[in-house]
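Next come two complexes built around chain A: one with chain B, the other with chain C.
Here is the complex of A and B:
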């Protein structure tokens, strides 16, 4: 399956889903004018990918620095989809990046991992300004 | 006090769980589906909690950004206020400097008539001493006496006219100096103020050899700031001397006044010097724009002139120039300066 690459803009994140290697990444800022228009194609591609029977491990890097409530719900939905495939045996890890001094972002990460039982969730702090 | 934002949801979940237990006994087929529903509701509640946190975080970020914005705005405003103060200080300094130049001009200008008067007086003293000697010796002739009378008459006239000239210069300078220093508003004769200002610039003008032509109706009375006008003219003249004739050629300077209507004065000052490029012409009123950086130019002269014309005289100033054809500044301002806003 072809990889999905959407370059970031001021309001929408960079999406780099390399399906061949299982490396999925979202970075930058996310507050699109219309969530459905932006994330619709992302979900379609992800759903199709997760439906395939190949079992290559997945690593999802969550590198958003700033996201609105709709994007937060999008993340929860994605995490739920990943949890479903992890439950039936596919190795999945999620890495939640937060900038050094951003304590509240770290706490959000902990919150967001609450419903992940089969996904290996980890937090990673990065120097300010190194992602985005 | 124990406050729980999601107390109602938790109660509902608790109730549903009890209902689930009852249902497991009463209708076992439904129990699994019901369990799933409760699960979904529970997850939805957890998601709600997260969304509230995300939203709170966004609000906090927005608040911080607004505070930062306000802080920067205040910083910018403070910087602007400082800049205005600095500009005010520069204008004051410029005023003092131009006053200093004026005093030097006065000294130099008065030197000539006073010098003539002194040498006439000493000539007269010599002639008088000589006549006394002849008179004491008893050898005085009719011719000696007639010669002495002629000398005394000539020197007295010269002394008188030169002292009058000096007195006249002093009066003029005094007026220019007072006007410059006080920036006072009063009624004045435009032609007279322009002449007095030019006279104070003579020590600079004369050695340059330029011809200065003044075309100004004698009877134009203004109710405005003569000191400001004088400072403006001095700046324009000094610029023409400094910039317009770099080759040292003797040029032509023309100061012309006409009333564009009864209430508006149109004052133009032109030189037939080297002129300037269009790029420079567009920038001459900018603060610190100078083509003589490092040669004593601060680039504030015309900026101050512009501020004086617009701020004090409530008028406007434009400049026409082209390489090789010279430069003309045109000021348009009301005869009677309107009261401040």
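Here is the complex of A and C:
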């Protein structure tokens, strides 16, 4: 399946889904003017990928600097999709990056990790300015 | 006369500690531009990074609440859908604390439900707000809400004190709603 690459803007994240290697990444800011319009194609691609029978391990790097509450709902949906394939045996790891001193971003990562039992979720502290 | 009138408005804002204000029709484009200006201004003023992030997060949620729920709006589709909603947003300093106040018209029918949500949020402590956020993250949005509940929780979560709100009845159909958040 073709990879999905959406360049970031001031208010939408960079999406880099390399489906062949299982390496998925979202980075930057997320407060789109219309969440459904922006994330629609992301969901379509991800859903199709997760439905494939190949069980390439997935590593999802979440490198967001800021996301609004509507985007938080979207992230929750993405994590639930990942959890359901992990539950049936596909190895999935999520790395939640947050900048030094960004306690709220770390806490939000903890919020999301609560429901993940089969996805290997880890928090990673990174220096200010290294993501985005 | 002209300068005097507007100087009076400016003085009134200054007296309230307001450094930034916008009143009129808001759109997602205006939210973006004002938000960027706000972040740049705070960064130049050496505001610490966590405060900048909190102010910005509250600003975005409040602006989006107005854009989505103001009872005074014009919509239409020219080349793309337009949603312009009337409201106001002000940011200021009070006893070394940044505050953000937003105001917009709401329908009187919506007042009880909004009041109930805000009172519930006010009754929760920090841990309670966190738990409520986690719960709502997993909930499907209520009909017609477009995610209002989680937006208000996000605001309460970033605030340093319980959020303040008030309603001022305008007529049989509408009230002016104000929300004040201290960071």
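The working rule: the second predicted complex is superposed on the first by the 132 of 132 C-alpha atoms of A that agree within 3 Å, B and C clash if a C-alpha of one lies under 4 Å from a C-alpha of the other, contacts with A are read in each partner's own complex, and residues count from 1 in each chain.
The criterion applied here is as follows: a contact is a pair of C-beta atoms (placed from the backbone, for glycine too) under 8 Å apart; a residue touches a chain by one contact, two chains touch by 3 or more.
The structure presented is a predicted model; accordingly, all values stated were derived computationally and were not measured.
Novice: I want to verify the contact counts: of chain B and chain C, which reaches more residues of chain A?
Specialist: Touched residues of chain A are more numerous for C.
Novice: Classify the contacts of A:33 with the two partner chains as first (chain B alone), second (chain C alone), both, or neither.
Specialist: A:33: touches chain C, not chain B.
Novice: Considering only the touch criterion stated at the top, classify A:72 as touching first (chain B), second (chain C), both, or neither.
Specialist: A:72: touches chain B and chain C.
Novice: Should A:56 be classified as contacting the first partner (chain B), the second (chain C), both, or neither?
Specialist: neither
Novice: Could you look at A:1 and tell me whether it touches chain B, chain C, both or neither (first, second, both, neither)?
Specialist: It touches nothing on chain B or chain C.
Novice: Touching A:48 in the superposition: chain B (first), chain C (second), both, neither?
Specialist: Touch status of A:48: no partner.
Novice: Determine, under the contact definition given at the top, whether A:128 touches first (chain B), second (chain C), both, or neither.
Specialist: The second partner, chain C, only.
Novice: Taking the superposition as given, does A:104 touch the first partner, chain B, the second, chain C, both, or neither?
Specialist: both
Novice: Let me check the overlay on chain A: which residues of chain A are in contact with chain B and also with chain C?
Specialist: Correct list for chain A: 66, 68-69, 72-73, 76, 104, 107, 111-112, 114-115.
Novice: For a test of understanding, state which residues of chain C touch chain A in their complex under the given definition.
Specialist: 28-29, 31-32, 36, 49-50, 53-54, 56-57, 60-61, 64, 130, 133-134, 137-138, 141, 146-147, 150-151, 153-154, 157-158
Novice: In the complex of these two chains, what residues of chain B are touching chain A?
Specialist: Against chain A, chain B makes touches at 43, 46-47, 49-51, 53-55, 57-58, 60-61.
Novice: Which of the residues in chain A come into contact with chain C in the complex?
Specialist: So the residues of chain A in touch with chain C come to 10-11, 31, 33-34, 66, 68-70, 72-73, 76, 101-104, 107, 111-112, 114-115, 128.
Novice: For chain A, which residues are in contact with chain B within the complex?
Specialist: Residues 66-69, 72-73, 76, 104-105, 107-108, 111-112, 114-115.
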